[in-house]
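Below are two complexes that have chain A in common, paired first with chain B and then with chain C.
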Partner chain A sequence: MTNRASAGRIAAHVVMIGLSFLAIFPVYWMIQTSFRAENEIFSGGLFPAVPTLKNYTDVLAAMPMLRILGNTVVMAGATTLAQVATGLLAAWALVRWRFPGGALARSLIALSWLVPFQVVMIPNYVLASKLGLLDTVTGLVIPNAAAAFSVLVLYNAMRGFPREVIEAARMDGAGNFRILAEVVLPNLSAPLASVSILCFISAWNDYFWPLLLIRRMENSVVQIGLQFFMTQEGNDWGPLMAAATLASLPILALYLVLQRQVVDSFMKSGIR
Partner chain B sequence: MASIDIRSVHKLYGKTPAVRGLDLAVEDGSFLVILGPSGCGKSTLLRMIAGLEDISAGEIAIDGRVVNEVEPGRRGCAMVFQNYALYPHMTVAENIGYALKVAGVPKAERADRVGRVAAMLGLGDLLARKPSQLSGGQRQRVAMGRAMVREPGIFLFDEPLSNLDAKLRIQMRLEIKRLHRELKTTSVFVTHDQVEAMTLADTLVVMNQGVIEQVGTPAEVFRRPKSRFVANFLGSPPMNFLPAEIDRRGRAVLAGGHMPWPDLVFELAAETRIEVGLRPGDLTPVAGKAAEGAIPFEPDILEDLGSELHWHGTVGGSAVAVALPAATPIPAGPVGLKAPPSAVHAFLGDGRRAEPAAAPIPSPKPSGEAPWRATSLSYT
Partner chain C sequence: MIRRHFLALALSTTLLAGGFAPAAQAQMAPSVDQPVTITFYNYNLASAGLGREATLDLIARFEAANPNIKVEPIAAPSNEVLSRVQADMVAGIEVDVAQLVFRDLIYAAEQLGAQPLEDMAGEELAAHAAGFVPNGLALGEVDGKTYGLAYVFSTPVMFINGDLFRAAGLDPATPPRTWDEVKAAGIAIAEKTGKHGFFPGAYGPIDGTFVYQSIVMSNGGGKVRDGNTLTFADKDQADAVAMLRDLMDSGAHARIDVGAHMDTFASGNLGMFLFTSAVLSRFETAAKDNFELGMAPMPSFGDKPTAPTNSGSAIFTFSEDPVKQRASWELMKFLTSDEAYSVITSQIGYLPLRPSTVEDPRYLKDWMAANPKFQANIDQLDRLTPNVAFPGPNYRQVENMMKEAVTEAVFGNGDPREVLKTAQDLAQPLMPQD
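Our next item is the complex of A and B:
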């Protein structure tokens, strides 16, 4: 390797290390602030002088944080399951059959991805209120039970699946559900993991729809819970950071367990 | 075992025809090979028999029952695909046994039948492997096993050997032939490889552009091609074609006024333009420019294939290849080419075969005996 090339590599690494710090620092700051006493919040230094758990006890006293976390896990999990299930069925239909209007259906699904949330939030809200779903976790899940994103990702994955293998299964006498479940699905683990992870994270981070729908703290999800500490008299930074840390822990845990798949899914979906 | 009847079947993709009015009967227990160039509609025909492709018009019947609307899994056909199409996540045993699992065959019986088929194909030691851990030849065998385990009435093969290397291809070809001899299952085998077609077929069907050019035994099709297309498609090196014109007495006159077969008479009008077809193996070189009954040959390149010599050159401007047994002495100096009249094929402008009049009368030779025995002039 020439000197010039190695110099280039060192420069690239310096830049990347700098960028990593930029990305990590806010997270670090959130965590360390959550351990600071109230009088120490605005003092400098990289570490809290006297670490305390008071912010956490405050959070747990101020709201049913565990219940809220539970709600969020249920909401994000159910949303993910629903999106994967609807996505699988829709993608399978589009891949398996050529039917008049199939291409149109596909473009409409893709187009629905571009419709901003603000356009559908009022009709959804009215519908949810008529169905008695206001202030319920069910109401949070149902409008997000089908998503263009999962349909399209799974459609592309299935289209890449060899047609002959599906045909071989048809020759073997398998019906369409059976082919989907026993032949296609087992070979779709990577795209399924991508879709599930991205779907879970985006449901977890959803803010506007819960903000509209949820009234009571015990039905709330974490993103709304955080808002509790932002008041007109100013933000309650200690507990806010403690709650934010709690809110990001499950995602962090998910990331640690499925690190490889998470990175892959972001790379593959073109979102970086 | 089952028979197949295909009656004026058409297939259109949008407005483009892929199969254009095709009639074919496949007898119970026979091995039918469909041969044709890429894109001629072979796979489409096979897939219509299998039920993987809708039939645009016409009927396909299996054992007398019209199956146009019958699901692929209920037609009693099993198919071997070109790229094997094994289930990637299943083991060899699961791949072979999947059809039985779908059919609800109990586990013990399934294992038994899979074991028997695997033993037949020499896959006994590989049952626990995944397809990704197999070589091409082994995958091919698994695909065969998957088709065999159901004991179907019909085997459909879509170019199953074309992804194998040359040596394996020959081996698998023999194995398929052996299996057919043993199982006697009606088979339809699609290929673009003429050697496969010639060696495997009981009945050979040559297809071109969505229609059948000729049906017959391999020998019939090779020796008496019905069209220029078939003549050109079968044989390696391919048949040589020389432009010719019919004279007033119905004889073929080659470019340059040569008339090597004065006894061969066609019932065609004078001045009809035809093409004379001669297989490279039917040509014999003779020394001397204007040997009696010979066509002057301008040699160019001599290829020694070890088992055979291929001598390429021209006759009156048309490319001509001569295939000779190995170690044939090559005459030095000017050469002519000779071919017996029985080896002459003639094709009209539209590609149809033209037959010479039934029994050409040998013209008396001024000296010695006739260059060919009179019986060799008969075309039957």
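Our next item is the complex of A and C:
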């Protein structure tokens, strides 16, 4: 290895270390602030002078944080399952059959992606109210049960699937659902993982729909829970950082388990 | 923030397109003889801390005193509570009592169907208002009728960092009383300590424009609008903003992010901060073991009297059912009673609408003795000047254009009077036509 190549590698590593530091430092600051006493929040040291768990006990006393985390996991998980299921079936229909209006349907689905959720939020709210879904996790999931993003990603993934394999399965007597379940699905693990991860993160971060629909803290989700410590009279930084740390743990755990798939999904699907 | 505005716009359009109009006046029932449940939309409940605890305490006391009335609290953040009220109205859900910020006053009265209290409660309103501060009822008036009862509100006070004052060779016991003195003190703090001198919470992003309006109306009494004509670029009003720009150019005024003012003061890096007294308890906690905290009345333009305006919120009722109207009125009366203000002032830090409570040993006398700093805020009650809300469906857009122009006039490089005039000309078409 030449000195020039070696210097290049060192420079690249210096840049990457710097970028990593920029990415990690806010997380570190969140965690260390969560252990600071109230009157020490604004001191600039890298470590709390007298670490305390008071912010965590305050959070757990002020709100049912574990239940809220549970609600969020259920909501994000159910939304992900629903979006993947509806996306899979819609994509399969669009790929498998040529029918009049198929291209138009695909275009309309793509166009619906451009409509902000806020536009349909009020009609959804009125409908949810009439169906008795206010203040329920079910009400959070149903309006988001189908997503154009999921349909389009899976449509593009299925379109590249060899038609000959599908025809062979058909000649062997397999029905459409069996072909989808036993032939196509096993070969779609990578795009399915990508869609699932991105749908889960998107649902986890949803703020406006829960804000409108949920009326009681015990039925709430973490994004609304964090707002609980941002008041008209300023932010309660200690409890806010403690709640944010607790809220980050499930996503962090998911990331640690599915690190490669998360990176792949961002690379393949674009950062949302 | 953009998404929030979008939500408010969507809701407003839905309400207007649906032909939503104030309901016909019903005759309020004389009493509540059967169990009834009313909804109470409240933003203090949407956040942890003293405001929530005090509000829950007040609701519990009210229910104990009125066993036939159950209050169903509905929490929404202050920026979202109007959207929640609107959405529930569209969905056909009954909204009985709502805590809305003062900027929504005219919209609540003219577009949402808030009940005019003179029509609903008749002579009971005047009897209940006896003992309010001068202008107390006027805070919630639109076209001569009272739609909102001032609830949790405050006026701008000057928070002082005593340690920075001493480090700059100033005496924190004699804080600046005029804007000229603020300029001198701000320059001294900035030059001798390297910290920031002065900052007013006048540029958002929270709590409307009450600090800005207080400063403007203290310079001769001119308001930001006259009827449907915008006047925030008129001479006296623009001169007040030009004064802030002069503070900025001299170095006395901090050049910081407008959303970071509270944290900058709480961290001990700002000598003087003009803002609502509702943050007093937060600053006392931050100052403990860190710096000496002081509080003074808002500064004046020379000998001109100051015109402190009200921050915070009023309570409105939208009930149409006669029994629920009675229940709502009883709740509104309780929330603005001597007993309630002893809780609101001592636990949250807002001003008492009933000044006699501060002298009464049953209510706030002992608390005032233990919290002498608060007197600066009480002293301003005599000059309490109603905050000016904007009319019409574009009221929030007009207010934002004004606020952004003020920020640009103070923080930018252009002529502040020209900046205000340009914004006023652009915003005027958004006002209702006479």
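Just so it is clear, the second predicted complex is superposed on the first by the 258 of 272 C-alpha atoms of A that agree within 3 Å, B and C clash if a C-alpha of one lies under 4 Å from a C-alpha of the other, contacts with A are read in each partner's own complex, and residues count from 1 in each chain.
Following the convention adopted for this analysis, a contact is a pair of C-beta atoms (placed from the backbone, for glycine too) under 8 Å apart; a residue touches a chain by one contact, two chains touch by 3 or more.
No experiment lies behind these values; they were computed from the predicted model shown.
K.L.:
Would you sort A:Ala181 into first (chain B), second (chain C), both or neither based on which partner it touches?
P.N.:
neither
K.L.:
Taking the superposition as given, does A:Ala193 touch the first partner, chain B, the second, chain C, both, or neither?
P.N.:
neither
K.L.:
Counting residues of chain A in contact, which comes out ahead: chain B or chain C?
P.N.:
Tallying touched residues of chain A, the top partner is C.
K.L.:
Touch test for A:Phe229: chain B only (first), chain C only (second), both, or neither?
P.N.:
second
K.L.:
Check whether A:Glu164 is in contact with chain B, with chain C, with both or with neither, and answer first, second, both or neither.
P.N.:
first
K.L.:
In the overlaid three-chain picture, which partner chain does A:Gly173 touch, first (chain B) or second (chain C), both, or neither?
P.N.:
First partner only.
K.L.:
Is A:Leu254 touching anything from chain B or chain C once the two structures are fitted on A? First, second, both or neither.
P.N.:
A:Leu254: touches no partner chain.
K.L.:
Examine A:Leu81 and indicate which partner it touches, taking first as chain B and second as chain C; both and neither are also allowed.
P.N.:
A:Leu81 sits against neither chain B nor chain C.
K.L.:
Output the chain A positions appearing in both contact lists, the one against chain B and the one against chain C.
P.N.:
none
K.L.:
Along chain A, where are the residues that touch chain B in the complex?
P.N.:
Chain A reaches chain B through residues 162, 164-165, 167-174, 178, 183, 186-187.
K.L.:
Please output the residues of chain A touching chain C within their complex, sorted ascending.
P.N.:
38-39, 41-42, 58, 62-63, 116, 118-119, 121-122, 125-126, 129-130, 208, 211-212, 215, 217, 227-236, 239
K.L.:
Given the complex with chain A, which residues does chain C contribute to the contact?
P.N.:
Chain C residues touching chain A: 3, 6-7, 10-11, 14, 43-44, 46-49, 51, 74-78, 80, 83-84, 87-88, 90-93, 206-207, 262-263, 266-268, 276, 278-279, 282, 285-290, 349.
K.L.:
Report the residues of chain B in contact with chain A in the complex, numbered from low to high.
P.N.:
The touching residues are 50-52, 71-74, 77-79, 81-83, 85-89, 98-99, 102-103, 146, 150.
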